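Listed after this line are the structures, all set down as structure tokens.
There are two complexes below, and they share chain A, which is joined by chain B in the first and by chain C in the second.
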Partner chain A sequence: MAVYEHHYKPYTGPLSKAWSRFLVIPRYAYEDLFQLRFFIALYALSFVAPLIFTILIYLHHNVTALAVFQMDVASLIPVNGTFFEIFISLQLALAFLMTVIIGPVLISRDLANNGLPLYLCRPFTRTEYILGKMAVLGLLLSSFTWVPGLLLFLFQGYLAGGGWMIDNWWIGGAILAVCWTQIILLSMLAMAFSAWLKWRTAASAALFAIFIIPTPIGLAIEEIFRTRLGHLFNPGMAIAQLTRHLFRTFGSTEYILSFGESWLVCLGYALVALWMLSRKLRAYEVIS
Partner chain B sequence: MIDQSGDQSRSALIELDRLRIDFGKRTILKELEGRLRGRCIGLLGPNGAGKTTLIHTLLGFYRPHSGTARIFGLDIRTAAREIRTSIGYMPERDAYLAEMTAVHFVRLMGELSGLPREAALERAHEALFYVGLGEARYRKVGTYSLGMKQLVKLAQAIAHGPRLIFLDEPTNGLDPPARKRMLELIREIRDSGRTQIVLSSHLLRDVEECCDEILILKDGRIVANCDLAAERQANRKFVELETRGASADFLTAIDDLVGGEYAQTGPQRFKLIMPEGREVRDLYQIAAEKSVQIRRLNYKRDSLEEIFLKAMEQ
Partner chain C sequence: MIFAKIKTSLIGLTSVDRASLSLWRCQILAILRIELSKNFWGRRAMLLYLLALVPVVILFLLAIVDPDGASDISRDWNSSQQAFVNIFDALILRSVVFFGSTWIFMNLFRGEVVDRSLHYYFLAPLRREVLVAAKYIAGMVAAAVLFSFSTLGSIFFLYYARGYPANIDFLLDGGGWQQILAYEAITLLACLGYGAIFMFIGLFFRNPIIPGLVVYGWEWINFLLPPLLKKISIIHYLESHLPIPVDEGPFATIVAPTAVWISVPSLLIFTGLVLTLTAIRIRRMEIRYGME
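Then we have the complex of A and B:
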């Protein structure tokens, strides 16, 4: 079927590995995304914090640099759980912003012109489709959240030496757990809204709303009924509380949601998003 | 049910084994049973007969309520992924990714079907040139006309070189030249010999021009399954003749030629059945000898329509 021959010829060459096909989706998505200047600028901005925190860790351990600046960086900004919590919180805020930009069109573009049957009539399942779409956000957000977070952790461990890394292994674990929880939750919610709301602005607004509106509602319920239960519907609060639990930056009783409750809220929202996706992601809707 | 599927020696491409599909309380496909062997199989039936549901079920979009079907001998219940590796699908409705250029779109679909990256790009270009969109391949699909969208749907269905292609109403919304071009492409793919086609249409002429086997559905049941090639072969014997100046001599000669198997349907019109060993040129020879003009000579062309109408009466 060469271009100049104009004859139909079946394909007889080798096939790609079935397990790797879901990665085709993020590759195509990035080809489009990295043509947008605004996106490139935002992506570049997401590496500013890792750079600053790397410099801070360096200064923390460099006697000459400390002498030049004539200040005690080590006592001013101690490299501990709080240090990494601030870094991760900054990066996750950017991750949220990027999800609001990218997420709403992830699936709606495929649904807009009945593109889904074209995916699903191939050796490509709904699960692979969801995994592929999730990988668009997952790989992108990872590149400026937990990956630089762990690199900073390793850098600090290398410079501090003397078993710092063994004493503070939980910081590494907290970086991974917090980032992956938020990345998965954000991706699932973004995909669910993208599948249900074809209008991009509405999907972005819904994503904002689900993280912002439950806060005043939770506070109101707390004030009126004297109960923390109102915060159980607040995914933003759950992530924030989970972050503080994992980075050990709480006092003994000052938390609003316990460690288990925070996980449950995140899991609950992820399951609802998954249900929404399974309802919408079908080759053809069946009207019984 | 009319069952004249003919050649039993060819292995079945699609086997329907008491296949039943329910949507809620409504049964859409009612225990379909049959074996389809043709190079190009036409799925015919009035709107709502279950043609598209059958295609969707064979593609694995719907799970059978009971029974099953086999494509290339593989069960659609258990080997859907393997089956989908070898099939292409052109949906009836608009189905495309509007923001992508055609070459990007077809390449993506090729890669999802398992083509390596470079091969997918190469095949995407080839498929687009093949269907006649070579010059427009860098335009976004969303900007295409209806006819071009149909062609790009065909391109994505053939880019990965499937062994079986499902075409659901491929000539929908096409103007006559575009329809002609689409049917030519279908025939060419069919004649390539390595790809079989299932063509769903409610247009008898489209099916007649491309298919060698037909399956007629009505209210979710199979009402006819015929080998159209064999039917055509049989119908070569039926000839309609319109003459000028037909005399008693001419009629006697015709009577001798066909052994009495003829009927006069008008003053100068005849229907006759050619016996074995007799050719149409014999008719011309008699006409020349008897100085009769043959104004029109047709093989009986309405076989599919007759089959269809007979099936619809059931």
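Then we have the complex of A and C:
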């Protein structure tokens, strides 16, 4: 065919449905991620705790097994709010570690290689782009946090019977609320740092620092000024306190941040991250 | 005749050594100039200034802004000192110096790789071991200056609250100078030890955050560790020299502090070993910017 006969032809193949376009991003991201042996090992490790906790629940209700092992698991490890809180805290710690590994490269590569216009020149909005990038972390972290958490809750409800699930419905709610809060907060902070810092190590360090450094600062302020206000800048503390409030493992006055303050801290950080993202995620940056 | 030959060869060797030492000194000074300007004035240094200011600002607020702060410090000086040692341990040593050293020393090589400028050093007629030494000294100077001022600033505001006469008495007769020197020396030793570890990690790992996390976790759980494992950490040797012992809580394993004549040489030997390993590593290092 002669060169002059080449002209623009619009794409005529099937289009993905508009609502599900953001899922294209996680699909390709997972293809890359699951080629890393270290990541696969870490992902496999994240299912060890669900397995152990399932066995504990099973042993709790299996009289024969208890007799064989000659132990009283039922009184030793009661299946209550604390039991599920420990499980969720373990899984969320792994979620944090995984976010530190995956999160910082989510957006930085697109920005560093001027790839963002390639997304945004298609029928794909900035919101869908952010949703897609969030889904990479959201779907992955969900698979070993609230999904096995709820399965454990259902398993316990099934084995305990007699309205256990109705009496303890708040545990299921707490699993969902805590996991989703942490997943959304982690994803947004990881993306914001990824967009602003571009260098993976710096973005990982920032994510790590924002959850760790405020703790000693808050404790120092508490020791000196006898006020808990120093912890209002600590998202890690907010999540930890929220977890304890929702799983009802607090005494009446022993909390550091109240329920409302914990939500406020999480919301504040999420809004700041959203603002950071909206500032950086543009197809073209005009430098004056 | 034989003695003359030996003498000649020795003189020859010495002059060669002297020449190379002088060359290395010049090269180290040249690299120091570049690195120090990066460490103090680069964009990446802003974070360090903020970090170093945190304890100073907290103590400034206590001593100057808080209306009851100064009188509380003056009234109960012993409790104030105990509170300060807790802040020094948890905030300055374990957070500010730890994270600051992480940032400074990991950036020495990893930052060059990210900026795609390491090959300029590698293409220069310069021994890579000299490069390691120069970069380490530059990092050490930056960390020492920043965090020493951070410690000194915090101590200044603690003392300021007591007023002039009480401080003069304490400094001259109450062992105040020894305390200040001890805090400063501990800060410098922390920069020395953590600096070596993080420069090593920065060269060996493409994403140094995970090993950094491991080191951080290890240093934090140090109080729980059995005596033998406690000694495989930096913080144990640093805490051994605190002028006032830190209360590590009811779950802590009690271990006698290590004597100065053991802990300081141990830290120096450890730093030397880590730097040697870093030098061996950098000799075989190939740059692949595309992997970043």
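The rule is simple: the second predicted complex is superposed on the first by the 274 of 288 C-alpha atoms of A that agree within 3 Å, B and C clash if a C-alpha of one lies under 4 Å from a C-alpha of the other, contacts with A are read in each partner's own complex, and residues count from 1 in each chain.
To be clear about the criterion, a contact is a pair of C-beta atoms (placed from the backbone, for glycine too) under 8 Å apart; a residue touches a chain by one contact, two chains touch by 3 or more.
Given the structure is predicted, the values throughout are model-derived calculations rather than measurements.
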Go through the superposed model and pick first if A:200 touches only chain B, second if only chain C, both, or neither.
second
Mind working out whether A:40 is in touch with chain B, chain C, both or neither, as first, second, both or neither?
neither
Residues of chain A touched: more by chain B or chain C?
B
According to the stated criteria, A:13 is in contact with first (chain B), second (chain C), both, or neither; which is it?
first
With the two structures laid over each other on chain A, which partner does A:219 touch: chain B (first), chain C (second), both, or neither?
second
First, second, both or neither for A:119, with chain B first and chain C second:
first
Can you list the residues on chain B that touch chain A in the complex?
23-26, 56, 59, 61-62, 81-82, 84-85, 87-89, 91, 93-99, 104, 108-109, 111-117, 119, 123, 125-127, 129-130, 134, 142, 156, 158, 160-163, 188-189, 192, 194-195
Note which residues of chain C are touching chain A in the complex, please.
51, 54-55, 58-59, 61-62, 66, 69, 83, 86-87, 90-91, 94-95, 99, 102-103, 106, 110, 114, 207-210, 212-213, 216, 292
Which chain A residues qualify as touching chain C in the complex?
97, 100-101, 199-201, 204-205, 208-209, 212-213, 216-217, 219-221, 223-225
Residues of chain A touching chain B in the complex
1-3, 6-16, 18, 21, 24, 28, 32, 109-110, 112-115, 117-125, 282-284, 286-288
